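Down below is the structure, laid out as structure tokens.
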Amino acid sequence: MLLNSDASGVYPIAPTPFFDDGKIDFNSIDRLIDFYLESGSTGATVLGQLGEAAKLEHEESVEVARRFISRASAIPVVVGVSAPGFAAMRALTREVMEMGAAGVMIAPPNTLRTDDQIVTYYRQAVEAIGSDVPFVLQDYPLTFSVQMTPGVIRRIVQELPSCVMLKHEDWPGLEKISTLRGFEKDGSMRHISILCGNNGLFLDYELERGADGANTGYCFPDMLCDVVRLTKAGKREEAHDLFDAHLPLLRYEQQPGAGLAVRKYVMMRRGLLTSAAQRKPGASMTPQAKSEVDHLLARLAKKDARAGKLVG
Amino acid sequence: MLLNSDASGVYPIAPTPFFDDGKIDFNSIDRLIDFYLESGSTGATVLGQLGEAAKLEHEESVEVARRFISRASAIPVVVGVSAPGFAAMRALTREVMEMGAAGVMIAPPNTLRTDDQIVTYYRQAVEAIGSDVPFVLQDYPLTFSVQMTPGVIRRIVQELPSCVMLKHEDWPGLEKISTLRGFEKDGSMRHISILCGNNGLFLDYELERGADGANTGYCFPDMLCDVVRLTKAGKREEAHDLFDAHLPLLRYEQQPGAGLAVRKYVMMRRGLLTSAAQRKPGASMTPQAKSEVDHLLARLAKKDARAGKLVG
Amino acid sequence: MLLNSDASGVYPIAPTPFFDDGKIDFNSIDRLIDFYLESGSTGATVLGQLGEAAKLEHEESVEVARRFISRASAIPVVVGVSAPGFAAMRALTREVMEMGAAGVMIAPPNTLRTDDQIVTYYRQAVEAIGSDVPFVLQDYPLTFSVQMTPGVIRRIVQELPSCVMLKHEDWPGLEKISTLRGFEKDGSMRHISILCGNNGLFLDYELERGADGANTGYCFPDMLCDVVRLTKAGKREEAHDLFDAHLPLLRYEQQPGAGLAVRKYVMMRRGLLTSAAQRKPGASMTPQAKSEVDHLLARLAKKDARAGKLVG
Amino acid sequence: MLLNSDASGVYPIAPTPFFDDGKIDFNSIDRLIDFYLESGSTGATVLGQLGEAAKLEHEESVEVARRFISRASAIPVVVGVSAPGFAAMRALTREVMEMGAAGVMIAPPNTLRTDDQIVTYYRQAVEAIGSDVPFVLQDYPLTFSVQMTPGVIRRIVQELPSCVMLKHEDWPGLEKISTLRGFEKDGSMRHISILCGNNGLFLDYELERGADGANTGYCFPDMLCDVVRLTKAGKREEAHDLFDAHLPLLRYEQQPGAGLAVRKYVMMRRGLLTSAAQRKPGASMTPQAKSEVDHLLARLAKKDARAGKLVG
């Protein structure tokens, strides 16, 4: 089951669950995947930017990927393989593809500047991992400091057939989606899947611009699934109503650096994670931050009952 | 009427109004100021980052500042004087202070990196403009790429008595407010005013953390005034309800680069600006973007009647 | 006498001379220009990156440019007009062109990243200053953090006929010169003048790659003129011998940030400047740094007698 | 034999030798180490920035380190362990320390900005690798975009006893050495070894400022050893004469990105490497670049006979 350019729906970005002592919590991996499936997710992405991949020893990364992939047998799992060098990227790619990953996600190193540098980097990455491995192009300038114009994305898509999906998290990004879909219409670029990240901050309008869904880690992936479903069903105002109800919390979780702690905290309170712990170095939440999130959840619960079903 | 560290409430960041042909629209300046006053604004900031200051000839800058200041006689006007060199900064500061500005705002040049470089820059800036001119320290890493720790802000505040206000737009920024207020409590830093920018994206909780108000350009400054007023009056849920109603539009307007076009468009539709035009180089809105903003306004109007009173 | 694409030889980058009290030293401007002429310079560039332009009030900039231009009647003077906005760039351009400047030099703002952003910036700059004003494209990634590929330079050259010269200071930069000259040979780019900056650190081989000369501020512009002359006369080893003799000092002067103090110090000791003073904020030399430069000069004097003719 | 703060002399930064087909050339490792020993090197650093570490699979890195360490039994070998996460850093550190490395070198990730971020990073790194492992602090702003003030270095040295050496490659950097040695004199910082990088571009004066030697990869480490020896013996002018003779080539090799190809090319011509090949992605030399280096070697050979003893 390899990833292809027809992918759509919601691919949650999975956190890596730890116990308070830093050990990997494999049972929470199972719970996460089961929950993604129940929510209607169509795939999942693991060991991404927010999966604390850099805090795992190599063998641990492999075991985490293996557990996600084996539990998620019904849906494709994409594995983040970004690395400082192509040797490590190739090694991890081989291992995860052999164990059944659907494809890999590659973020650009933050030293890339010119259009040519970006295209060259992805050309070399494909040479390293093999052109038979489908890959997701991650376009996230806020975090990676690499700016890809629509023209650069088109060059990559046209030159590298194994690029099947764009993880779109440029900001602003709405016109970019329209431009890319325009390239497809005018025949200058083949079709690729566009799933949106950036915690879903613009998912409401991104879908209307032509995105195929979401590929992000918001702590209510079930809401993301509902918004995609409602939008595709033409229930526009209903989709916006649900999205807007979540926006105060979603915005709070989207804070750079601080967001993962919020996400794990809410997922713990939703019963998905045993612990909200991050491995060091990791941000933690102050009591006041926790009370703010609790307040946001309480307010959200008035509009979405799922936010009221909490533990702990 | 010089700015001091007791400043609070809302200081809208004013856009510079142009006609479609690029000429300055002085009557819209009057309308803006009148509207700020009616809304309960306690000050205003002009020629800031979003005031298109760099597109004005020097004489035009002076005339724009003069018009804002003279119309706003009842409230203090802060003028942005950020410049590539201290000579230009000093020259503009002198002119605007002589015409009655309450103080100036200084953003850090984006080449500053170390703590010492940042502190040194502000020391030299004060030497240039004079220690008798109150200034606002602008902490906006997303745009200026300069990261000021709370400790650096404290060093600046303690060393430079003319620093009376922090325009706080770090992101994440809630803990920073708590830390700075903690410095005041433990006696290691004198009190300064903290007004929040970043389009007000976290104003709801920033006020609860100890901020004194807002200093940003959201197209409904009247909402910002209401939220500050309600929060200070202890009407917490009411404040959040109003804020949350605006959040979908506020988030849309907060997009870097694209936001000013949205802001001017809505202000034109609210009857405040004759035209939404920016001088070149400026972003414009596609028809689809306009329809999205119209959609956001229509949805907002169900909760805040002010969003339904539109022209054009 | 407008700058055109046939420009060659040496255009020294002139410092702005100050007295110890910070006042402009106009007589040293005359001495500098006279010295440039005696040395065989074919032009001069003023108010550049190292001309401390940002420390001048606008009227001062105009007077400095005027003095350089009027004294240098026999050779073309290029004026740096880089500015944070096009309004200021246009205003200064108009003034200096009216007083007889040969053209202007425009550096890219350090926020530009993508190829399209760079090309667009220069297109808009030309719209602002007028397409009848010849301009020098400054390619200096180390200082401006803007990376222009040869392809981007070609786009600018082909789209904007008023681009007549490249101030080449990319590092490494030798292959870039070969690539650009290759574009001229294969007919894909019209001819432009390429003068080299970066303090001349690679001038020896840049000339052999096809550069037309130097456009930099090394404290011995007479050496630069000699190296260009010797190279053009086919005296290769003689050119390298002279260049190599200067390299230890040249390298010392090329240190970012610290270099201007060295340059002004040597120029003072050569009798060209009354004072080595910079306006604040400026780097100064420690006694140890001065003794190092004196040591370098003493060693150089054994090979180039000009280094032994010092005052003070 | 653990690295300590008395280290001095020359620790060449070793390239990783490959055959033309990309396989590791272990015999050239032996030749390199033997040559370092003959030249009077007092240590060596492997798998550094220029050791192409990122292009090695993990097992290959371990084997390369092992070969260097076992061959260099008489001198300490430092191993670069910079990694995107502490897990990988810890794993590699453990392996190489167990096989006899003298210590490790840690470069800062290029996302660090504030003083506190830098100090915190090294604190966490030491927590990860263990406080019993001596480490080298790499201060190389040009490549890593991280600016460490002398005060920050002092904080790291004072807080972390396992920091025993500074690889100094700031630019400009002479005053920094004086400042750090001043900290030692005034008792505010304990003594550490300072070895200089940046291809030795300022080694002549760095030694006079108080540096203990060189830690860089220039293709004539024997010259570096001689310059250190001559300087320590008080033969100042002789040291400068030798250094100046090499400066034209040294400067050419110091070009960012392009330098490794030059270095490997010269080392191949000196009979140290079987091949100048880099693994992909790597820069290669054009024929014109090779002829320039040959020209530089021929000129150098007139002053240093070692440059005339070439093969191939």
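In this document, chain identifiers A, B, C and D correspond to the written order of the chains, with residue numbering beginning at 1 in each.
Just so it is clear, contacts are C-beta pairs under 8 Å (C-beta built on N, C-alpha and C of every residue); 3 or more make two chains touch, one makes a residue touch a chain.
Please read all numbers here as calculations on a predicted model, not as lab measurements.
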* Contacts common to chain C and chain D (chain labels) -> A, B
* Steps needed, at fewest, to go from chain B to chain D via touching chains -> 1
* Taking each chain's centre as the mean of its CA atoms, how far is chain A from chain C in angstrom? -> 48
* Which whole number of Å gives the spacing of the CA centres of chain B and chain C? -> 39
* How many angstrom lie between the CA centroids of chain A and chain B, rounded to a whole number? -> 33
* Structure fact -> chain B contacts chain C in the complex at 53-58, 60, 83-88, 91, 110-111, 120, 124, 127, 280-281
* Structure fact -> Per the touch rule, the chain B residues reaching chain D in their complex are 113-117, 147-149, 151-152
* Asked: Inside the complex, what are the residues of chain A that reach chain B?
  -> 171-172, 174-175, 178, 201-202, 204-205, 208-209, 237, 240, 243-244, 247-248, 251-252, 255-258, 286, 288-289, 292, 299
